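Read through the structures below before going on.
Heads up, the next two complexes both have chain A, just with different partners, chain B and then chain C.
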Partner chain A sequence: MSDLVKLTIDDREVEVAKGTGLVETAAAAGIEIPVFCYEPRLGPAVGACRMCLVEVEGMPKLQAGCTLTAQDGMVVHTASTSARAAEGQKGTLEFILVNHPLDCPVCDKGGECPLQDLTFRYGPGSTRMTFPKLTFDKPIPVSPLIALDRERCILCYRCTRFSSDVAEDEQLIARNRGAYSMIATFGDEPYRAPFSGNVIELCPVGALTSTQYRFEARPWEIQDVPTVCGLCPAGCNIRATTREGLVKRVQSRNHPEVDGGWLCDKGRFTFPHLRSDDRVREPLVRGTVGLEPVSWDAALDRAEELLRGAQGKIVTALSGSETTEIAYGLGVLLRRGLGAHSAVLDESTSAALDACRAPLSTIGAAELVVVVGDDEVVDRAPIVDLWLRKARRAGAEIVTIGARGSVPAPVGGAAEALRDLAAADSELGGRLRASDRAILVWSGSGGGGGARLAEAAHALGFEGKPGCAVFHLPARANARGVAEAWAAAADADEADPEPIGLLVVSGDEAAGDPSVRALAERASTVIAITMFHSLAVGWADLVLPATASLEREGTAMNLEGRVQRLRRAVTPPVPDELAWLSKLAERFGVALSPHAAVVFEELSGRIYGGLLLEQLGEHAGLPARRPYEAPEPTPLAHSPEANVPEDHFVGTLRLLRYTPLFSGHQVERVPELQFQRPEREVALSTVDADRRGIATGDLVSLRSNGTSVELRARVDARLVEGVARLADEHAAHLHADVEVVKA
Partner chain B sequence: MSSAPEIVFAGTDGGALTELAAYEAVGGLTALRRAREMTPAQIVAELEASQLRGRGGAFFPTGRKWSFLPKPEQNPRPHYLVVNADESEPGTFKDREIMLRVPFRFLEGCLVAARAIESTRVFVYIRGEYLREFEVLVSALEQLRARNLLGDVTIVLHRGAGAYICGEETALLESLEGERGQPRTKPPFPAIAGLYASPTAVNNVESITTVTPIIEMGGAEYAKLGVEDSTGTRVFSLSGNVVRPGNYELPHGYPLRDLIYEVGGGIADGRTLKAVIPGGSSTPILTASEAEKVTLDFDSLSQAGTAIGSAAVIVLDDRCCMVQLGVRVSQFYEHESCGKCTPCRVGTRWLTQILKKIEAGHGTHADLDLLLDVGDHVNGTCLCPLGDSDAIAVASYVAKFREEFLQHIEDGGCPFHGTSSLDGIVAPTDVHEAHAGGAEIHRPLEVVG
Partner chain C sequence: MPFGTLKGFGVTLKHIFRQPITQQYPEYKRPVYPRFRGRHRLNRHENGLEKCVGCSLCAAACPSDCIRVVAAENTAEHRVSAGERYARIYEINLSRCIFCGYCELACPFDAITLGNEFELSEYSRDDLIYTKDMLLAEPIKRVPVQDSDLYDTPIPAYKSSS
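Now for the complex of A and B:
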C-alpha cells in the first residue's frame, strides 16, 4: 500500500500506516515506550507526564513520543538505545516519585499499578528528595462512589480529560497551578454523572479509587471473569473481579465496536444487589399466613400442579433480561410441553433490523445521526450516548426528534415522525438517503418498535451502505434474544387464553411491571420467578428464586444484533433457572438440558445458523447483514395528537413518564448509588410553567383522578408544550392527563 | 546619552500620544492608509525585507511567521491575529510603556498586521494587572472607532488573570478560549491551528507596534538600522542597580556597557558591577567582565552563551548574593509553573528548595551537585520553555559564581549577612502575592471595539 511509512526504532525497521502513533508503532515492533498520560481514547495526546521521552535523529531536544506520529525515514531511539532518552525518563520517574507517598502496601492499585510497574522497571532504587513531601487531606470523597487521594495523583489529567472531552460532563477539574495543582470537582459538588466510574479505571495510580472496592482485595487473590453487562441492551463487555465467591468490582473489557472501553455507572456499580438482604434464597409457596419456604422438591411438585391445573391456559410474562437460553428453556417447557403459546414481552424488537445492522462504533464515524423517540438515549442504552457525543465532536450533526428533541414532537408523535422521514418529500429524510454515513436511532417506547424502524431504514436505502445503520434501543437488555428464543421454541401460533389459568412471571422487570400486575388480577394462579422478596409478596402462589446476569452462563443478543457470551462470575446462592426448568420439563416429557451450552447448541441450530459458542470468543463479532424481509405490519398503538391547551391558563398536561438510568430493582438495592437517582421533580416547558406562574424549584402538585403527587418543578427549555415529564418512580398512580398547580 | 533614532516612540518627545489628533500630527495613520492600498502579500514582503524579528523573546522573523498562515482559500476558517500583551517576564516592562505612550501606533500596527494575514478579528491579550494600559487602549480604540478607522476589523481587548504562563503563546490561546492556561503540544503551530483551531498569528506588542513604522519607512530602510541578523531598534527595559533605570529605545548592536554606564548613568550608590542578566530572567547571567564586551544583539549575546530574550537588562552590583538571586528566580518559576508537565511542576519546586537550603547555610557539596543534576533533568524535558528557563538560569549562576555557592556551603551561611541588594530588583514570590490582591483586578475584563 502506498500510505505505508518505514522508520527505524531502536535499530529495528518498522513499517506501519502513515499517521500511526509512535507509541503504537513501537509496540508493533515489540518495543515499549512507557506512558502515563497518553490515552488515545481521550483525544489528542497532551504531552503532560513526559514519561515517553525518546530521542529522534535530527531533533535537538528529547521528544514526547506520545505526541509523535510515524514519519517515513524517521530514526527513533527509546531509552533502550539512547542514553539521553534513558536519562530523561529516569528524571521524569524521579520527579513523579518526589511527592508520591509510596503507600503501595495500603493502596488498592498496588499490584496492578502502572506507576509501580514502571518504577520497578526503570525507576531509581532510592530517593534523593530530602524535603518534606507535599501532603493533602486524604482520601477526599469525590462522590459516594469515588475516593480521591491527591498525594498519589501524578497529574496526568486523564480523569479531567475524560470528564470534559469524552463524557462532556465538565465536572472534574484541575485547581490551582504548579506543584499545588490538584484534581477536584467543580464547586466541590459530588461527581454526579452517568459515566463517572470510568475515571477510576483511567487513573494510572491509586489516586481515584472505587469506594466499593477499597480495601476489598489484592490483585493476586482475585479472579477476573469475562462476561457482558446485563443491565441494558448495549451489552458492554465487562470483567467481573471476584474474590472468595463474591463479585468485588466490575471493569470494562473494552470491545472497541460495542463500548470503546467505557461503562456507565449503572453497569459498573450495581453488582452489590447480588448480596441484597431481601434476596429470595429458597422457593416459597403461598400458605395460610403468606409465603412460606419449601424444599425444592416440594416447589417443583407445586409448580407441576399449577402448570397442569391451568390446562394450557397459561400466559408467560417475560422480562427481556433472561438469557436467551433461559427464555428458550421456558419456551420449551411451556410451549412444547404444555402447548401454552401466549407471552407478553414489554417491547417488540424486530429481526428485520438486521438488514441494516452495524457495530455501535459506526456511530462515531457518522456525519448525520437522527434520534427519534421521547426517551433520552442515556436512560435507555447509556453507552450509545457516548458514541453520539463522539460523533458530534468529530463534526457530525445530531438531530433529535421527540418531546425534548432539537426537532420537537408531541408525546408519542415520534412514530409518525419516523414515517415522515421515509416519505419522499422529507428534507431530513432526503439527507439521510443521500448520506453514506447516516445513522437512525429509535429511543422510546411504543410506535411499533423495531419493525417500524426497520421499515424506515429500508425505505431510506440503508442496506447497501455499510456506513449507514439503524439502532433500536429496547428497554430490556436481551429483548431481541428472548423474543427470538421464545419464538424458536415451538412452531405453533399464539392464542390468548381467557380466562387465564396461570400467569408465569419470568424475572424482576416483569414482576415490577404494572401491566403484568394488572394481568395477574385476571389470572387464577401466579408463578413468579424473582430475585427479591418485595417483588414476590402479595400476588404469587409460587415463588421461584431467580439469578442475576452476573451469575449466569449463556448468551444474550444486544441491540446491534450481536450474540455475546455471559459467563458465571460467581455461583448463585440458588440453583439456576435451567437446572430446575430441565427437571420440570422432564415431568412433562420434553427434553431440556440443564447446561446453557447444550441449550445454546440446540437453539443456535434453529436461529443462529449453527453458530458455535466457541465462535463468539471473548469479543464477539457482529454477523453480516441479513437480507431485508418486510416485518408484519402492526397498527400504531395510539395515534398521537398535539396536546396544547389553547386559551385557558391551567389546562391539563400529558404525563410523560420516563425510566431514568439510575432506577430499577438492582439500583434501588445499592446504597452508594442512591445519590445518582433522579431528583423528585417534574419538568415543564417554559410556556406551561409561565402560564402557571411556576419557576424552577417551586413546589408543585400534580393531580389526576383523585391522586396527587407533590414535587419540585424544573423549567426545561427543551421540552415541548403540553407535557409534564417525570421519572416513573415519582409518577405513582397518576393518569395520562394531569393538572399541574403550584402547591 | 545616545542620539539613536526613535522608531517605536517616534514623535513622542518623551511624552504620550494618547489623542488621535496628536498622533496624526506626527504622521500617524500613514501606514494604515498605505497598507490599505497594498495587497497582503506586499505587506508580508515588506516585513520580510525589514527582517523584523519577534520582540516577545523567541526572536522569530515576523514576516516569515505570517507567511506560514494558509491563505483563506486554503483554509476557510476565520484567521486571527492575537497580540501578546501579557508581559510578565521579570525585568520586562517595555510593552506597558508602548501601550501607554503610543497606543495608536500599536493599534495601527494591529490593523496592518490583520490585513497582512487576511484577518478581521484581532485579540489583544493584556496582562490583568495592566489596568492603566488597558484603559488607555480602550480610549484609543474608541477614538479609532468614532472615526470609522477600524474598517471591517474587530479588536477585542481581553484581560488576563495573573499568570505568567499565559504569555506563552499556546497557553495564551487556551486562556483566551476560556480554558485553563496551559501550553499545548506543538505541532500544530498556531499559524496552522491556533485560536479555535484556526490559523492564527501570535505576536508581541512591540513587534506589532514596529510594523507601523516599517510600512511608513519601508522594510529595506528599517533593515539599515541595527546590525546584521538583528535589524532595527529595540526597547530595552533597564533595571537593577543603575542610576537611571527605565525603558530606552536603542538600535540593536548597542554596547551593553554603554547602556549601563552612559544611558543608565552607571551603577548606583558608587558600587561596582557584578553581573548582568541581559534578556529577562530566563536568560543566562553574564559576569561583569563578559558584560563589558557584548553588544545587545542576537549574535553577540548568543556567542556569549546567553540570549537577547525580552531585552530586559537587569544590572546587579557587588552586594548581590547569587544564591539569593537563584532562590528568587527559581521561586518565580515554581510559582508560575502551570503544573501541566512533570519536570517543571516538580523540578522548579525542588530547585527552589535546594537553593533555599544552601542560602540558609544548611547545604552540602552534594546538594550543589543535586541542584545541577535536577536542573539537567528539567532542562530539555519540559513541554514548554518555562521549566527549562529556571534550570538554565540557575545553572548559569552556579557556573559563573560557583565560589559563592561553595562559600555558602562551607561557611554555613550567606556571606552577605542579609545585606544583599536584591530587594526591589527581583521580588520574592511572597511579595508578588501580597501585591496581587483582588484590588488590582477591576471590571471590565474585556472590551470589544
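Now for the complex of A and C:
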C-alpha cells in the first residue's frame, strides 16, 4: 500500500498512514512523546516548547518530534532509548522550570497540570537554580473571566495560536522577546471574544485560569459529569465539574463531529445562573398581595383546579429549550389528559432537513459554503462559526447572503435568495450543484424552520452527495425535539382554543417572549413554569419552578438532527418537571413516568424508531439520512415568517433586530459575562450614515411611533442600505420602521 | 480439687503485696511520647498569618476522608495567609480520623501538625467536627509529654540539609 509508511520508533516497527505526525505515530506504537505546545487542533505544529525532542538517525541534532511527520524507513529514538534525547528533554524541562514559580499548592492547575505530570516523569528531582526567579505582577485579569499569571507561563503559544488561528480574533499576543516575552492582549484591552474561554483549557500550566473556578476546587475533590450544553442548538458536548453539589465550571468534551473540542463562552461561563438570587425555589400562587409561596401539595391542587377550570380551552407556549422528555410529558398531561392540543413554539421546525443531514464537521472539509439569512452565525450557533473559519482556512469559499453578507440581500430576503440559488440560471447555484463538498447554512429567522433550505438542497441535488449538507440554525436549543415530542404525545387534531381559558407557559424563553405575553393578555389564567422570579411576576396565577439544562436528565436534538443525552450534573433545588408532571398526570388518569429514561423509551418508540439510551453513549452518533419528503408547514409555529419589507416612508430605515450571543435570561444573571454583551449601538450602512451626516461614535436617536431610543452609531460598511441593525435588548418598543437622526 | 483452689488463692495473695500497675486515669495522666499523634493543630507564621494556603493536599492524602477544605482568595484588606489563597473553611471530622498523620506528611507548608492531645470525647458527634478556629487555637486540655531529648528522634537528614 502506497498510503502507508513503515518506520521504527524505539526499535519497534510501526506502520501508519502517510502524513501522520510523529507524536501520533509513536502513540500508535504505544510510545509516549511528551508535549506541551503540540495540539493538532491548533493547526501546524510550531515546536515551541522543545519537550518532544527525539533523536532521528541521519539527522545530526535532536529534532522536535511534534514537527515531524512519519517517513518511510525513518528510525527514531525517544528519550527512553536514546541518552542524548533524554538529556535534551531533561535540559528542556530544567530550562522551563528555571522561572516557573512552583506554587503548585496555590495554583488551580495543580493536580491536572501537564507540567507537573511531565516533570514528575521526565524531569530532574531537584533544581540547580539558586538565583531569584523572574517575577511579574499577578494575577492579571485578561478579562473578567480569565486571569493571567505570567510567572507560570512557559510560552508554548497555545493560547495565541488559538486566538489567531482558530477563533481568529487576534487578541492574545506575545509581547517582547526572550526571557521577558509575555502573553498579553493587544493594548491590554480585555479579551472580549465569543470563544475566549478555550484558552483556559488549552493552557498546559496554570498561567491562564478561570476567574469563576479560581480556588474553588482541586481535581481530587470534583466529579465531572458528561452532558450536553443546552444554550444553543449546536449541542456542544460538555463536562460539568461539580463539587459539593454545585457546578464549579464547564469544560468542553471533544465530540469531533459536533464541536471539535471547542466551546463558546456562553456555554462555558453561564452556569452561575443556577444559583441566581431570584431563582424560583418553591411554587408560587397569586394571592392578595402578589405571588405567595405555597406547598407543593397546594400548588398541585391549584394546578389541577386551573387545568379543570379551563375546560379544554388551553394553549401551551413551549420554549424549545425543554428536554424532549419534558415536552413529551407536557404533551401527555395536556393532550392525552385534557384534550388540550393547542401549542405555540417560537419557530417552526422541519424534518425534511434529515434528507441532507451530516455532521457539523462536514463544514470544515467543504470547498463552498453559502450562508443565507440576516443573523450572524456566531449569534445563533457559535460553534458553527468556528467550523466556517476552519473551512475558510482550508481554502473554502464562504459566501454570505443577507443584510450583512458578502452578497447583499434585503432584510428577510433569505428565502428568495435560496429560490434564486436553486434556479437553473444561477451561477452560484450551478457551482453548488457541481460541487461534492458544498454546504448551505440558514442563519436567521423564518424559512419554515429549515423547510425552504431543505427544498433548495433537494433542488440542488445534495441528497446523494455525502459531502454536501444543509444546516438550519434555530433560535432555541431543542426546538425540533420539543416539537416532535409534543406532536407524538397524542394523535388528535387541534381544536379552536378561543377564548383561551388557560395559558401554560413552559420555560424561560417562552416566558420572556413578547408574543407569549400578548397571548397571556387574552387568556383568563396563566400557569408559568419558570426558573426566575422576574419572569413570573405580574402575569402568572401559578408559578411552578423550572430546572436548568445542567440539572436535567433527558435527551435533546441538536441542529444536525442528532439525539444527545443530557445528564444531571447537580440536583436542582426543586423537584424536576417530570416529577410533578407525573403527579399531575395521575390526577387526570394518564400514565407518565417520573423518570426521564422511561419516558425516553416510550417516546423513542414513537419518534426515534426505538432508539435506546445506551445507543446514544457519551458521543452520540448521527443517524443516517432519510429520504426526502416535501416539507409541510408545522402547525406549532406562531411566529410570522420574516416579513418582506413593504414600501416605507422616505427617510425611515428598516429596523433589523438581532439576538446577540451574549443575551438571554441565563447570561443576564452572570455578572462576569456582562462585559461580553453588545454595546448600546446601532449599525448603519455607509450610505445611510453619510446621508444623515452620522459618523461612528455619534449619539443618534431612533424614533418610531412615538417611542425613541438613543444610542451610539456605528458605520458598518458591510450592511445593506436602508437598514438600522441593533440588538434586541436595545430595541425596546421600536417598530419596524425607524427614523434615525443625530441627537 | 481443694489443692487447685488453694493455688488460685495463692496467686491472689501474692498480688496483694505487689505494686499495682493500673494507672488512675484521669487523676494520673501517663505522659505520651513526643511524637504521639493526637488531635491536629493548624499553625501560624511568626507574623500571625496562617501557614495553610488551602491546597487540599491533606484532604487528598487522608485515607478516611475526614478533611474538608474550601479555599478563597486573599485580598489586600483581608489577608489571612501568605500566598494568594487561604482556607476559608477547614474542617476535620475527628470521629472519622484515624490519626495516621498522612495529612501532616502531605502538607507542603507544615501548616497542619498532629499534637499530643487525645482526650477528645464529646457527647455529640457534631461536636467532633473541628473547625478552623478550633484547630488554630491552643488546646485547653494539656497532656503531659515525655522528655523529648530522651524519646524523640533527631531531625532526619533530608529535613536539615536543605
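By definition in this document, the second predicted complex is superposed on the first by the 721 of 743 C-alpha atoms of A that agree within 3 Å, B and C clash if a C-alpha of one lies under 4 Å from a C-alpha of the other, contacts with A are read in each partner's own complex, and residues count from 1 in each chain.
The rule is short, and it goes like this: contacts are C-beta pairs under 8 Å (C-beta built on N, C-alpha and C of every residue); 3 or more make two chains touch, one makes a residue touch a chain.
Keep in mind that what you see is a predicted model, and the values were worked out from it rather than measured.
S.K.: After the overlay on chain A, what do you see for chain B versus chain C, clash or fit?
M.R.: fit
S.K.: Is chain A touched at more residues by chain B or by chain C?
M.R.: B
S.K.: Identify the partner contact of A:Arg218: answer first if only chain B is touched, second if only chain C is, both if each is, neither if none is.
M.R.: In the superposed model, A:Arg218 contacts chain C only, not chain B.
S.K.: Name the contact category of A:Asn176: first (chain B only), second (chain C only), both, or neither.
M.R.: A:Asn176: touches chain B, not chain C.
S.K.: Looking at A:Gly110 after the superposition, I want to know if it touches chain B, chain C, both of them or none. Which is it: first, second, both, neither?
M.R.: In the superposition, A:Gly110 touches chain C alone.
S.K.: Mind working out whether A:Ala569 is in touch with chain B, chain C, both or neither, as first, second, both or neither?
M.R.: neither
S.K.: Please indicate which partner A:Leu655 is in contact with in the superposed arrangement: first for chain B, second for chain C, both, or neither.
M.R.: So A:Leu655 meets neither chain B nor chain C here.
S.K.: Can A:Val54 be said to touch chain B (first), chain C (second), both, or neither?
M.R.: Touch partners of A:Val54: none, neither chain B nor chain C.
S.K.: Between chain B and chain C, what minimal C-alpha to C-alpha distance in angstrom results from the superposition?
M.R.: Scanning every C-alpha pair, the shortest chain B to chain C distance is 18 Å.
S.K.: Do any residues of chain A touch both chain B and chain C, and if so, which are they?
M.R.: On chain A, the chain B and chain C contacts do not overlap at all.
S.K.: Okay, in this complex, where on chain A does chain B touch?
M.R.: It is residues 44-51, 53, 61-62, 64, 67, 87-88, 90-92, 94-96, 98-99, 128-129, 131, 154-155, 157, 173-174, 176-181 of chain A that touch chain B.
S.K.: For a test of understanding, state which residues of chain B touch chain A in their complex under the given definition.
M.R.: Going by the criterion above, the answer is residues 163, 165, 180, 185, 334-343, 345-350, 353, 357, 370, 376-378, 380-383.
S.K.: Along chain A, where are the residues that touch chain C in the complex?
M.R.: Those in contact with chain C are residues 103-106, 110-111, 138-139, 214-216, 218, 220-221.
S.K.: What residues on chain C touch chain A, complex-wise?
M.R.: The touching residues are 53-57, 59-60, 71-73, 83-85, 108-109.
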